[in-house]
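Structures given as C-alpha cells follow.
Here come two complexes built around chain A, the first alongside chain B, the second alongside chain C.
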Partner chain A sequence: MAENILVVGGGPAGLNAAVMLAELGVNVSLVERDSFLGGNPKKFKYKFLFPDMQPADNVIGELIKKAETGGNIKVYYSSEISDFKENGKKFDVTIKTADKNELKTFDSVIVSTGFEHFDPARDAKYSYQLFDDVIDIKDLERMMGEDNFVRPSNGQPPKNVAFILCVGSRDRHVGNQYCSRVCCTVSVKQAIELREHFPACEVYIFYMDIRTYGFFEDLYWKAMEEHDVQIVKGRIAEITSGPNNTVVCKGEDTLLRGPFEIPFDMVVLASGMEGGPQSSEISKKLGIGLDEHGFLKPENVTLSPFKSNRDGVFLAGACTGPKAISDSITEGAAAAMNAYTYAVKNK
Partner chain B sequence: MEYNEKGVSIVPSEFKKEIFEEARKDFRYEEYVRGCLNCGVCTGGCPPHRFFDFSPRIVLQNMKSKDPELIWTMMDEYIWACFQCFTCAMICPFLNSPGGIIAILREIAVRRGFESARKVLKPYSRVLLKLTAYGNQLSPDMIQPDFFPDWGPTIGYASTDLAVKRKAIPMPTLQVTNLAWDVAPETMKELYEIFDESGVFKIIESVDPSLYEIIQDIVDDVRSS
Partner chain C sequence: MALEKQENRPVAEKGEHIIARHLIEDDNIKEEKNLVIDGVDVSGRWNTFILSRVDSEFDRSFFKEVKETVVGSRINRCWQCGMCTASCTVTPLYRRFNPRAFIYMMQLGNLKEIKKYIDVAWRCVGCYKCSQRCPKQVNPAEMMEALGLLIKKYFPEEVKSKLKVDEDVKKIYDDMIVGHGRLDLAKLHTSAMQKTGRTKELIGKIERDAIFKMAKDGRAFSILRLGKPHNWSSSKEAITGYLKNINTIENGESGV
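Presenting the complex of A and B:
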C-alpha cells in the first residue's frame, strides 16, 4: 500500500513537495488555509519573478496545475489541522474543512506554512495607510500584476518614485532584527519595471545596505547602469505630506548630500517577511520548535534545515525564514525526499 | 580646545584618554552604544541637524571609534548643539542613543568645569539659583526682556507691573513676584541635603564659583533659621 504524507500549506514549497511525492506514488493530502493554491505569490498576484523576469505564472501556475491535475494529491481548501497526535511512528491528524472534520493517519508530515508580509503600518515613521501614495512592494506587485502602475491618490503616472529598503527588517523597534533577504532584489526589479513603463519617471532607492546576493547583483547593476535608478545611502527617518499632493521623504544622505527632504509622487516600502501568526500556531499544534525570530526552528540550521525537532515532521520554505521562491521550491524537494524516506522506513 | 600656534592641540593625549574612559565607564554606556551601519535615520530625524553642524550619527560613530581624539573634538561645542529631544533614540533601528551619549559627555564637561560648560550654563544661572536655593524654578521677576527674546514684542509689557498683575490672577497665588510657589524651610533643608549628597553644589562650585557663593549664603541662612 502506498505511503500517506501530509503537506500543510500550498505555496511554492508545499506545492513542489506535494507534486514530487505524488510522482513517487505517495498519497498526498495537501491542507491549504486559503480557498486557492499558490500561497503569497498567488494571493498578491506576483507578476514577474526575479532574477530573469519570467512570468510568475510559469512557476506558480505550473505547480498549481500539476498539483490539481496530477492525481494522488487530495487538496483540502480553506482547511486547517485541528488535531495532531503521535501514533507510534505515525501521526493521527484531524483535518478541519469548512463543512466537516476528517481523521487520517499519515506516515510523515511536511510543514510549509510560509510567511506573512510585514505590515508597514506597524512602523509609524513611514505613514503607511496615512497617505494613499505610500504603498509597499506587495501592493505595487499586485498593482503591476493588474497592469495598474499609476498613483493611488489620483490615477496619474508618477513623476518620481522612492523605494525605501529594510521596512520591518533589521530594526529592533519593530522586533525584527533579521534581514528579509529578498526585498532588495524585489525593489530593484520593480524599479526597473517602473522605469521601463514610465521612462520619464525618476526612481530612487534609499538603502542602508543593498543585499542583492549572488547573481541577483546583476539586476542591481543593471538598474543603475541601464535604467538610471538613483541609489542613495540613507534610511528614511520620516515620511510626511508635501506640496502639490506629494509625500516628503526625510533622511540623511550619509555619503553625499547630508540631510534631505525630497517630495515624491509615490513611495514604495520594501516591507520584509515575518513568520506570521501561523508559525506559532503550527508550532503549538504539532509540538515543533519556534525560533527567536518567530519562524519555525530547524533541528540543525546547516546540516538539516528541512527537519523539525520532531521525528517525522519536516519543514520547507519560508516558514523557517525569509526566502526566495527558488529556495522554497528547492526546500520543498528536499523535505519531500526526507519525508518519503521516513515514511518508507517506518511503514 | 587649546591649540598652539601651529594649530596642534596642546591638550595631552593622556587627558583625552581619561575623558573617553570616564564616558565608557558610565553605567549607561553599554545601553546607549550598540551596533551602527551608518543608515543616517538618527541624523535624518534630528531637529538641530537642520540648524547646526551637528549629527547624532557622527556622535555615535565617534564613540564607537574608541578614538579619544575624536571624542575630545566634540567636548567643546559639538555636544552643546543637541536639543536632547531623543528623537534619534526613538528611531534608531539598533536602539542606540546618541542623545544619551551627549548626556554622558555633557555631565563630564559639567563635572570637570570645562570652559564650554561654563559658557553654556551662564544664561541659566538665575534658574540654577532659584532652583537650588529656593526650590523654585521660574518666578515672575525673572520675566525680563533680555532673557526671553523668543517671547516676541509683548515681553516688554509682560515684564512690567508684575506685582499688580500677580495680584490680578483670579486664583490664590503667593501674590509675590520673587517666588513661583512657597517652599517650607524643612523642604528646602531636605533639598540642600540632596544637592549636597548628589554633588550638585560641587558641580555649581566648579562651573560658576560666584553663583555658588550666593547660593551658599542663602543655604546657610535657611539652615540656621
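Presenting the complex of A and C:
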C-alpha cells in the first residue's frame, strides 16, 4: 500500500513537495486555506521573478498545473487542520473543509504554511493607507501584474518614486529584528521595471544596507549602472503630505549628515516578511516549536533546517524564516525526501 | 563679521540677536545691512531671515550633466563605499578633501554642499590610486576633474576668491612643468608620500610590480627617452612669463 503524506500549505514549497511525493507514488493530501493554490505569489499576483525576470506564471503556474493534474494529489481548498493526534509513529488528522470534517491517518507531515507580508499600516510613521500614493512592494507587484501602473491618487504616471527599505524589518520598534532577505532584491527589481516602464521617472532608494545577497547583486549593479537608480543612505522617519499632491519623505542623509524633506510623486515601502498568525496557530496545533521571531523553529538550523522538533513533522519554505521562492522550492524537495524516508521506515 | 559703525546705530554682528546663534551657519542667515521698504527703514535685524538647513530636493540635472562628460561618465556606478577616500593621497593632508562625498554631492546635485569645498576640491594630484582600487571602476580620479568642471561652471567668482595656491604643491607643479615640460605622476606621488612620512610604501608590492612590469615591457625606458614636448623653449618662456603674473591654480591652468 502506498504511503500517505500530508502537506499543509499550497505555496511554492508545499506545491513542490506535493508534486515530488506524487511522482514517488505517494498519496498526498494538500490542505490549503485559500480557495486557490500558489500561496502569496498567486495571491498578490507577482508578475516577474528575480533574478532573471521570468514570468511568475512559468514557476507557480507550472507547479499548480502539476499539482492539479498529478493524480495522486488530493487538494483540500479553503480548509484547515482542526485536530492533530499522534498514533504510534503515525498521525491522525482531522481536515476541516467548508462543508465537512474528514479524519485521515498519515505517515508523515510537511508544514509549509509560508509567511505574511508585513502590514506597513502597523508602523504609523510611513503613513501607509493614509496617503494613496504610499504603497508597498506587494501592491506595486500587483499593480504591475495587472498592467495598471499609475499613481493611485490621480492616475498619472509618476515623475519620481522613492523606495524605502527595511519597512517592518530590522526594527525593534515593530518587534522584528531580523532581515527579511528578499525585499532589497525585490525593490531593485521593481526599480528596474519602473525605469523601463517610465524612462523619464527618477527612482531613488533609501537604504541602511543593501542586501542583495549572492548573485542577486547583479540586479543591484544593473539598477545603478544601466538604469541610473540613485541610492541614498538613511532611513525615513516620517512621510507627510507635500505641495502639488506629493508625499514628503523626511530623513537624514547619513553620508553628508544633513536632514532632508524631499517630495515624491509616489513612495514604495519594501515591507518585510512575518511568520503571521498561521505560524503560531500551526505550532500550537501540531506541537512544534516557534522561534523568537514568530516563525517555525527547525530542529537544527544548519544540519536539518527542514525538520521540526517533532519526529515525522517536516518544515519547508518561508514558514521557517524569510526566503526567496527558489529557496522555498528547494526546501519543498528536501522536506519531501525526508518525509518520504520517514514514512517508508515506519511502515 | 563686524559691520562698520553707522550713525545712530550700534555696531551689530550679522544675526546677533538670534538665540543660539552659534548653531546657524553664516551662509544661512540673510540680513541686509541697509534696507528701506516703502519708506520704512528695516535695516539690520528687522529684515533677518534664516534659510532652512533641510534639503528639499534632489537635483538630478547635475548628475545628467556630469554623466555626459567623458571624465564623469561612470558617476551612476558609485555606491559610496569610501574606497577612494581611503586610498587617497591627498585626504591625509587635507581632511576636507573627500572624493567619496564629492561624488555623492554630484549624484544628488547638492551644489550648496559642493560650494563649501571649493578651496579643497581641486587638490587631487592624479595618483589614480582610487581608480585602481575602486570596486566598481567608477574612476574617482577623473570624477574629480568632472567636479572641477562643475565648480568652474557654476561658481566662477568663488573659484577666483577662494582658491588659494598651496605653495608646496605649486612648487612641485612649477618645477615639473617649467623644468620638464610635463607632469611626472611618479614624482608627484613620491613627494606626497614623503610629505606624509610613508616613504617605506614607495617600494611596496604594487610599486615593485609596476616597476618590474614597466621595465619588462619597455615602458620604463620609453619614459626616459620621451624628452620634452615639441618647441618646448618658446612654450616654457610663455608659461614662465604667465606664472609671474598669476597666483591661482585656476588661472595657471588656463595659461598652460
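Quick note on the criterion: the second predicted complex is superposed on the first by the 345 of 347 C-alpha atoms of A that agree within 3 Å, B and C clash if a C-alpha of one lies under 4 Å from a C-alpha of the other, contacts with A are read in each partner's own complex, and residues count from 1 in each chain.
Note that contacts are C-beta pairs under 8 Å (C-beta built on N, C-alpha and C of every residue); 3 or more make two chains touch, one makes a residue touch a chain.
Note that this is a predicted model, so its numbers are computed, not measured.
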Which partner does A:233 reach: the first (chain B), the second (chain C), both, or neither? both
Please work out whether A:202 is in contact with chain B alone, chain C alone, both, or neither, and reply first, second, both or neither. second
Between chain B (first) and chain C (second), which, if any, makes contact with A:117: first, second, both or neither? neither
Could you tell me if A:263 is touching chain B, chain C, both of them or neither one (first, second, both, neither)? second
Touched partner set for A:173, first chain B, second chain C, both or neither: first
Once the shared chain is lined up, is A:253 touching chain B (first), chain C (second), both, or neither of them? both
Considering only touches as defined above, state whether A:307 meets chain B (first), chain C (second), both or neither. neither
Is A:151 contacted by the first partner chain B, the second partner chain C, both or neither? neither
Contact residues of chain A, present in both the chain B and the chain C interface: 233, 253, 259-260
Quick one: in the complex, what on chain C touches chain A? 53-58, 60, 63, 67, 76-77, 79-80, 100-101, 104-105, 107-108, 110, 113, 136
Could you please specify the touching residues of chain A with respect to chain C in the complex? 202, 204, 210, 221, 224-225, 228, 230-233, 253, 255-256, 258-263
In their shared complex, at which residues does chain A touch chain B? 125, 166, 170-173, 208-209, 233-238, 250-254, 259-260
Write out the stretch or stretches of chain B touching chain A in their complex. 37-45, 49-50, 55, 57, 91, 93-95
